[in-house]
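In what comes next, chain A is part of two complexes: it sits with chain B in the first one and with chain C in the second one.
On to the complex of A and B.
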């Protein structure tokens, strides 16, 4: 049943995109032909890409994969961005590393055992910036509150308590399914979506009064109202929270709260940013910066955890050959319980402990 | 200074490569890095299920008996994106699997490399499924 619903949704989204004439990769030619008087302006003036009802047209298929860490590495404390030459050198070394992961893993390096072959075309590019975080200006997460530090300390102590063995064979044991994140259990992918191993595809669909953000991973479709309806009561909670959207100029602004009891997932972050999302407010800003690229800027606020809000920004890339058309977002249908993996993980943990 | 900076970034990238593995999986609890296995068997069942597909093989032992092993592979979405389809591994195909055994000692392993009897690497750098020719596959000549 779930599969049927998911397949139906994909068809609807694809059909709607075709109806809107905004199949990525075809739009430019169509638009340019329709507007022969000023084709150059069409390409170079993203603000002119509007829906028939007058909203900025953000529709399309994108990937948000990136190799840039969320926080600026300590060694680059005084360096906000790379030179083009440095960026090229880093891309080359990253490629060499990925090939080594695939073909010549170090003993005990289970990271390679998952066969990076499957995911190496979804690693994304390094940005010129040295961190995804743009505010604070130092590219670092802001200081924690006393409460936030206590949560982090407890999380780290718990991890240490469940750690066995020495590197490279150090292992973490799990006491129950509750120790495993919602993502690993195939229940939900916590917001904000920063980085994941694969399936970074996302599709945006617009109507006059709603915006849909459809993610390939977990096959989530966030249906976001654009009217001024009041927020939900704080007791009503969802995995993806409750969102309200609006356009301001060329930017779609989505404010979300009312998250279910889950832990934020820092994805590919260096430091742990695993915190409960109960009090979190997340503001997303999507804006077209060129024909095929959106800027995705996210501000995270929770004064019980951080002493101030923080913001990161990254591109949603619309001309990646892996994610060119709506049908490139395959049905995910993640098997709840992660088919055998949770069972095996818990059985293995009993042995560890 | 420049070299130090670049080295640091490469170090960060290495940390990230470990994060790849744990993104949808508690590998360390499920499989044992100190128990590498190499199995030769015939495919009897394939289960293309996200987030991980499973391939069941019959492994014939020297004494003539058969052991059933289950091999965990990548997410079908990712495999399909690399050109691997439902028909790429017919039942009855003999394959060689290298990987790591389940931590509980059961006859399950995560499949790192799968190789056909003629030496074609099925899952790594194989030209047969549209992967880039990077020299790692001996058949890429």
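On to the complex of A and C.
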């Protein structure tokens, strides 16, 4: 009985610690993971490193939020990674910012941006690397092709034509819903899914012949066959592309093509994702690096847009206390709740024009 | 010399009579008693993994119905006309309360109502016209396949239509955080039958294009029973004391998609609904912005 009581108390204390950590950002991610629950309670945590049929077991609930930028900032041009001391200082300032966002938001800020209270990403926020891009070595996207540059220039010119007022108060008018990014239309997320500030949970399920990546955002389930089936005919095009997978050693390799002939516009994230996708091929590599962490490495290849392939890598974090169990993936009823946003956007644009 | 064949005929005839009796009482029970599904690897559960699809006209109308023209035959000719169907409701009728029967007729009459503002969008028109997630049980008999992804710990159902998904929490009962379009699913096995209780669905989904509907009090109890390597029997009991006089049940077979390399396609219908939903917002509303 004492043991049970102690266990119960310990659980309560742990829960309180986790709650403090969530609100104050004073508990590290590692602490939260230790306290959240025992492995036996984590229905999604891997109990074995291999499935009964001999595949590496990647199953679980993960998040892919990070504060590390896709491209290395110019100011850090010669610096591929932070020293431990620099990283610690950056994390401290991020925590301070987060604490301010939650407890003491600047006037007007809540209404104008997605602050840390909204994004509630607990872990995996900052890598030691200064960019998600690992190849090219300078951490930057490769140069655009002539075609890629022309597409970007045309997009920027069109956007300038629709801008009213002077930065930073410029407003963009939308001639129709087609001027909105696919994400804001609730049609699709940009591919590849590099990172996300919120709704950043995903679930991996495995059967002997399939791996399923189930994303909270856009309730997309990518069902990836592991047999040697041929690719779909080139006329069959999907916003999320068509994927085929295989295991090589400890790594799941997913190759995806057949993207829709659409612009996968990333909204305010800016390039690189404001390009047509129909010639894009991506290769994703998912591999377990420790009990709760996967490495997610993606190579993007589109010789009509970039002069060479490029690769980014980031963790999928399995111990984010906001996404611990499958029930923490909420229904992402984006389109079902979007009428008001589109109504206001188009009505407001009419007024601007 | 003539006895033997006759007795054979009698025996065969007896089997036929028995089989017909079983068919009449319940096709499902006759078959499920003689069929045992393969087990999911390392478990005692039947393996329900696969791509399944209903083959009926329930999405037009779950009740018995005659063939009908489309809503706009002057534009579509015979395209999109509704085929007749015997219905999928046990007993043939939905036991609506009187007001609800009238509401269903209004729903049908207004099924192509275009949303003019956020309020009308909430309350009018067939949610399928707007590409809203279909809810349960309609997701099951939309004319699109769906895939059951079953692991020992949980089940994910992935519908091709609107790329809707639904996690079925198995042998655990986490609480629903918020009402949702696809509801909150808690499942367990009874023998070889997967039983899923679905609660907390938003009231905006319909059961079909005929405007049959429910309220937020809806509770759906689904039963998925393997009856052959290629068939599941699907039964769903519908309870909603705010709309019906008593619970009622739909049932239908689901067919395994056996084409070589069958896979779920992508049907992101949002982009097909936008003109219908938003076109009028491009014009002058008459109000000053």
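Please note the rule applied: the second predicted complex is superposed on the first by the 264 of 353 C-alpha atoms of A that agree within 3 Å, B and C clash if a C-alpha of one lies under 4 Å from a C-alpha of the other, contacts with A are read in each partner's own complex, and residues count from 1 in each chain.
Throughout what follows, a residue touches a chain if its C-beta (ideal position, glycine included) is under 8 Å from a C-beta of that chain, and two chains touch if they have at least 3 such contacts.
As the structure is a computational prediction, the values presented were derived from the model and not from experiment.
Colleague: Should A:212 be classified as contacting the first partner (chain B), the second (chain C), both, or neither?
Modeller: So A:212 only meets chain C here.
Colleague: Just checking: does A:94 make contact with chain B only, chain C only, both, or neither of them? Give me first, second, both or neither.
Modeller: first
Colleague: Contact-wise, after the overlay, does A:199 reach chain B, chain C, both or neither (first, second, both, neither)?
Modeller: Once the two structures are laid over each other on A, A:199 reaches chain B alone.
Colleague: In the overlay, answer first, second, both or neither for which of chain B and chain C A:299 touches.
Modeller: Neither partner.
Colleague: Go through the superposed model and pick first if A:333 touches only chain B, second if only chain C, both, or neither.
Modeller: both
Colleague: Have a look at where A:177 lands relative to chain B and chain C in the superposition and call it first, second, both or neither.
Modeller: second
Colleague: Of the partners chain B and chain C, which touch A:351 in the superposed model: first, second, both, neither?
Modeller: both
Colleague: So in the superposed three-chain picture, is A:69 touching just chain B, just chain C, both, or none of them (first/second/both/neither)?
Modeller: After superposing on A, A:69 lies in contact with chain B but is clear of chain C.
Colleague: For the overlaid complexes, name the partner, chain B or chain C, with more touching residues on chain A.
Modeller: B
Colleague: A:186 in the overlay: touching chain B, chain C, both, or neither? Say first, second, both or neither.
Modeller: In the superposition, A:186 touches chain B and chain C alike.
Colleague: In the superposed view, which residues of chain A touch chain B and also chain C?
Modeller: Correct list for chain A: 186, 330, 333, 335, 339-340, 346-348, 350-352.
Colleague: Using the touch definition up top, name the residues of chain A that touch chain C in the complex.
Modeller: 43-44, 52-53, 59, 175-177, 185-188, 203, 205-208, 210, 212, 214, 218-221, 223, 225, 229-230, 236, 238-240, 325-327, 329-331, 333, 335-336, 339-340, 342-343, 346-348, 350-352
Colleague: Show me the residue ranges of chain A that touch chain B in the complex, using the header's touch definition.
Modeller: 67, 69, 73-76, 79, 86, 89-90, 93-94, 97-99, 101-103, 105, 107-119, 121-122, 168-174, 180, 183-184, 186, 196-199, 216, 267-268, 270, 322, 330, 332-335, 338-341, 344-352
Colleague: Using the touch definition from the top, list the residues of chain C that touch chain A in their complex.
Modeller: By the definition above, chain C touches chain A via 41-42, 49, 115, 117-118, 121, 130-133, 147, 149-151, 153-154, 156, 158, 163-165, 167, 169, 172, 174-175, 177-178, 180-182, 204, 261, 263-266, 268, 270-271, 273-274, 277-278, 281-285, 287-289.
Colleague: So in the complex, the part of chain B that touches chain A is made up of which residues?
Modeller: 2, 4-6, 8-21, 23-34, 47, 49-52, 54, 70, 72-82, 99-100, 102-106, 108, 110-113, 123-125, 131, 134, 136
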